Amino acid sequence: MNRSVLYWRAASFAVAAGFVGLWQMIANQRLVSPVFLPGPDRAWASLVRGFTDGDLWGKLVGTLGHMAYGWFVASIAGIALGAMIGSSRTMRSYVAPSLEFLRPLPVSAIIPVAIAMLGLTQSMALFVIAFGAIWPMLLATIHGFAAVEPRLYEVSRSLHMSRLAVIFKIALPSASPDILSGMRLSLTVALILSVVCEILAGLDGLGHWVLLSARSFRSADLFAGVILLGVIGYLTALAMSVVEKRLLRWRSGGH
Amino acid sequence: MIPERVKALLLPVAALVALEIWARAIHLQSDSLAPPSAVAAALVGAFQDGSILIATRDTLVPAFAGLSIGGAIGLAFGIALGIFHVFDRLMEVTIEAIRPIPSIALLPIALIALGFGYRMEIVIVAFACIWPILVLSRAAVGGIEPRLMEVSRALRLSPADRVRKIIIPAALPRIFLAFRLAAGIALIVAVTVEIAINPIGLGAAIMTAQQALRPELMLAYLLWIGIVGYLLNTGLVVAQNHLFGRAALVRDPA
Amino acid sequence: MPAGARQAARCAGLERPQIAFSNVTLVLGGKTIVENISLDVKPGEFLCIIGASGCGKTTALRLAAGLYQPTGGAVSFDGKPMLMPRRDIAIVFQDYGKALLPWRTAAGNVSLALEASGVASSERAGRIDQLLKKVGLPNHAEKYPAEMSGGMQQRLQIARCLAQEPKALLMDEPFGALDAMTRQGLQDEVLSLVRASEATVIFVTHDLEEAIYLGDRVIGLSPHPGRIGIELKIDLPRPRDQLTTREDPEFLRLRRELFDFIKASEA
């Protein structure tokens, strides 16, 4: 990484640190009641306390578990279904319009239906998370498969490639940029729905932690939880970026 | 050759008819499902007693208010970041740190600070809307044809004029697209907040219907939420085409 | 050449055509693209097809490739009807960028054809090296298509086609998107590659000089609908040379004839 990029990054960190300092000042001066705004020192102390003495680690794992399960199921189902629908023009013309209608529907609205069917349980949460996370995957995969360069299909016909070979060697790699961006969106949806379901159903997770902290007016704990959720969001996005960069190396080259 | 329109409707219509027949045949008694005819009746009923209209208002008001506030903040910052590269680079870490926080995580904070009602929902929606608009308007400003910036320098436009006469009009199509996307997000976040905790609006209505063990009303609200979302999106697409038409050769993700 | 005389020559036991069109007509979307095309291509022959825009020359090539099925008449290869593309007929497309897999390296792209033919993985590396060397890309095996110039990408496509060990090579304006210098270099490369492999070639181009330079025979189609309007035997000496062949009086005469044909057909 070249020098100037490094310097700018450092300066940027300094600015962020400055904001944290400002936050600390506001908290110290009690410009906002400490019931609502704890200083960064108290938030940090709560974080440390939560991990050493308290159950914060368990809560973190709980949320991550919910996210991971939902996202995993959604990825497999979303890619498989999306591949099937996206690669067939007939299926697309029958199914795609309905999907387009459902696209702007807030997916959290399925939660009451899920509660009606499964009660305020873990299964309800997992169902909701998987259901919510499927949509970005499905839509992106359909788009990716539908957009495969037709010339490549002609090449595959000329080479007498088998159906399976066409899917795995041509369609899937071609659709991978779209699939990966769908996965990114799915992760965000999975995180949000995990938190909402944990709040509603009282499941073991950060959503529940922040709700309890809020109810007992323990603002430091509350902020610690929110920060952790931000960290999850950041790390998962980072992980996706790294994966994307590796798998999509071929996109960056060229003039 | 079946026309495309008919093909599009075939699946949903067939599904609804099948569901209706099945539900009637087994004399469906369920807390979570209801025959489509009952759902339609419940929807009409909710219109007749006005409850659905109040709920819709109670969702759309905070959604639009949050969109406006978050949009204004996001737009101002986005344009500033797009124009002043120094500012952009200095703010990078701060933005990357705050952006990933899911808006829903702020729910408890907003709750204890503002209590139930419009205000806490507006705050959460605003927070959610800031980011897509910030990112996209920054990209929109960054993507302005450099030739236009040269022209503005040659004409010696004042900074205010430059923003008003060149930057905003040139970036407008993509900024409009950003608002269109953010509007969808605003609706989703508003409904989600209501489902999670806020006792007003369509989200609360659908939760109440479920708790009252009235699946036909619950599904009616679900359908209505879908319709509202669809109309909102379609309306904005029509507006976009109308305002920008062929000039907005914008890469449309929707 | 009238159909009757050709029939007679065939019955007399002269070389059986490798690719044959018998009264081929293609109607697409209500429009007749090509009508009553009859032609025979002998094994190892280099046939060029020229014509004004919209005359159906690309369509004729795709019919020969089995990508289209004729509405009337029949296309046959080695005496058997062409119902679908064959593995031993390779197609070189004009839009090379779209015909290569952007996510595979040059070696990976050539490998695709070998994988499809069921070549054992142990053998593949050697063959890939050989083919890349043949087309002049020996050190570019690990490059992605996006990192290569237009001429290199087209050569890569040719390498992949050669990996199919084709009996026939169908080329659709392969050098149309390239600059003049690259084009001339590739023309000579194609000639030497084809001579080494003894493949039959149908080469579509809008460049009259290119057609005469490369071909044993040139067929011109007249547009709307596409019909064979002219057929010229190219008796220029091989191997061809970019300077001397192009200055040969016979070359210039042929060029004049084709030029007049195009002008007349556009009118």
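As written, the chain order gives the labels A, B and C, with residue 1 at the start of each chain.
Following the convention adopted for this analysis, contacts are C-beta pairs under 8 Å (C-beta built on N, C-alpha and C of every residue); 3 or more make two chains touch, one makes a residue touch a chain.
Computed from a predicted structure; not experimentally measured.
Visitor: Please list the single chain whose C-alpha centre lies closest to the global protein C-alpha centre.
Guide: So the chain nearest the centre of the shown protein is A.
Visitor: Comparing the two chain pairs, does A-C have more C-beta contacts than A-B, or is it the other way round?
Guide: Top pair by contacting C-beta pairs is A-B.
Visitor: Compare the CA centroid of chain A with every other chain's and tell me the farthest one.
Guide: When every chain centre is compared against chain A, the largest gap points to C.
Visitor: How many angstrom lie between the CA centroids of chain A and chain C, rounded to a whole number?
Guide: Taking the mean C-alpha position of each chain, the two centres sit 50 Å apart.
Visitor: Averaging over Cα atoms per chain, report the distance between chain A and chain B in Å.
Guide: A distance of 18 Å separates the two centres.
Visitor: If we count contacts the way the header does, which residues on chain B are in touch with chain A in the complex?
Guide: 4, 7-12, 31-32, 89-94, 96-109, 111-113, 184, 187-188, 191-192, 195-197, 203, 206-207, 209-210, 213, 215, 218-219, 221-222, 225-226, 229-230, 232-233, 254
Visitor: Touching chain B in the complex: which residues of chain A?
Guide: 8-9, 11-13, 15-16, 19, 35-36, 93-98, 101-113, 115-117, 188, 191-192, 195-196, 199-200, 206-207, 210-211, 213-215, 217, 219, 222-223, 225-226, 229-234, 237
Visitor: Across the complex, what residues on chain C touch chain A?
Guide: It comes out as residues 65, 67, 84-87, 89-91, 93, 95, 98-99, 101-104, 112-113, 115-117, 143-148, 164.
Visitor: Which chain A residues qualify as touching chain C in the complex?
Guide: Residue positions touching the partner: 149, 151-152, 154-155, 157-161, 165, 169-170, 173-174, 176, 249-251, 253-254.
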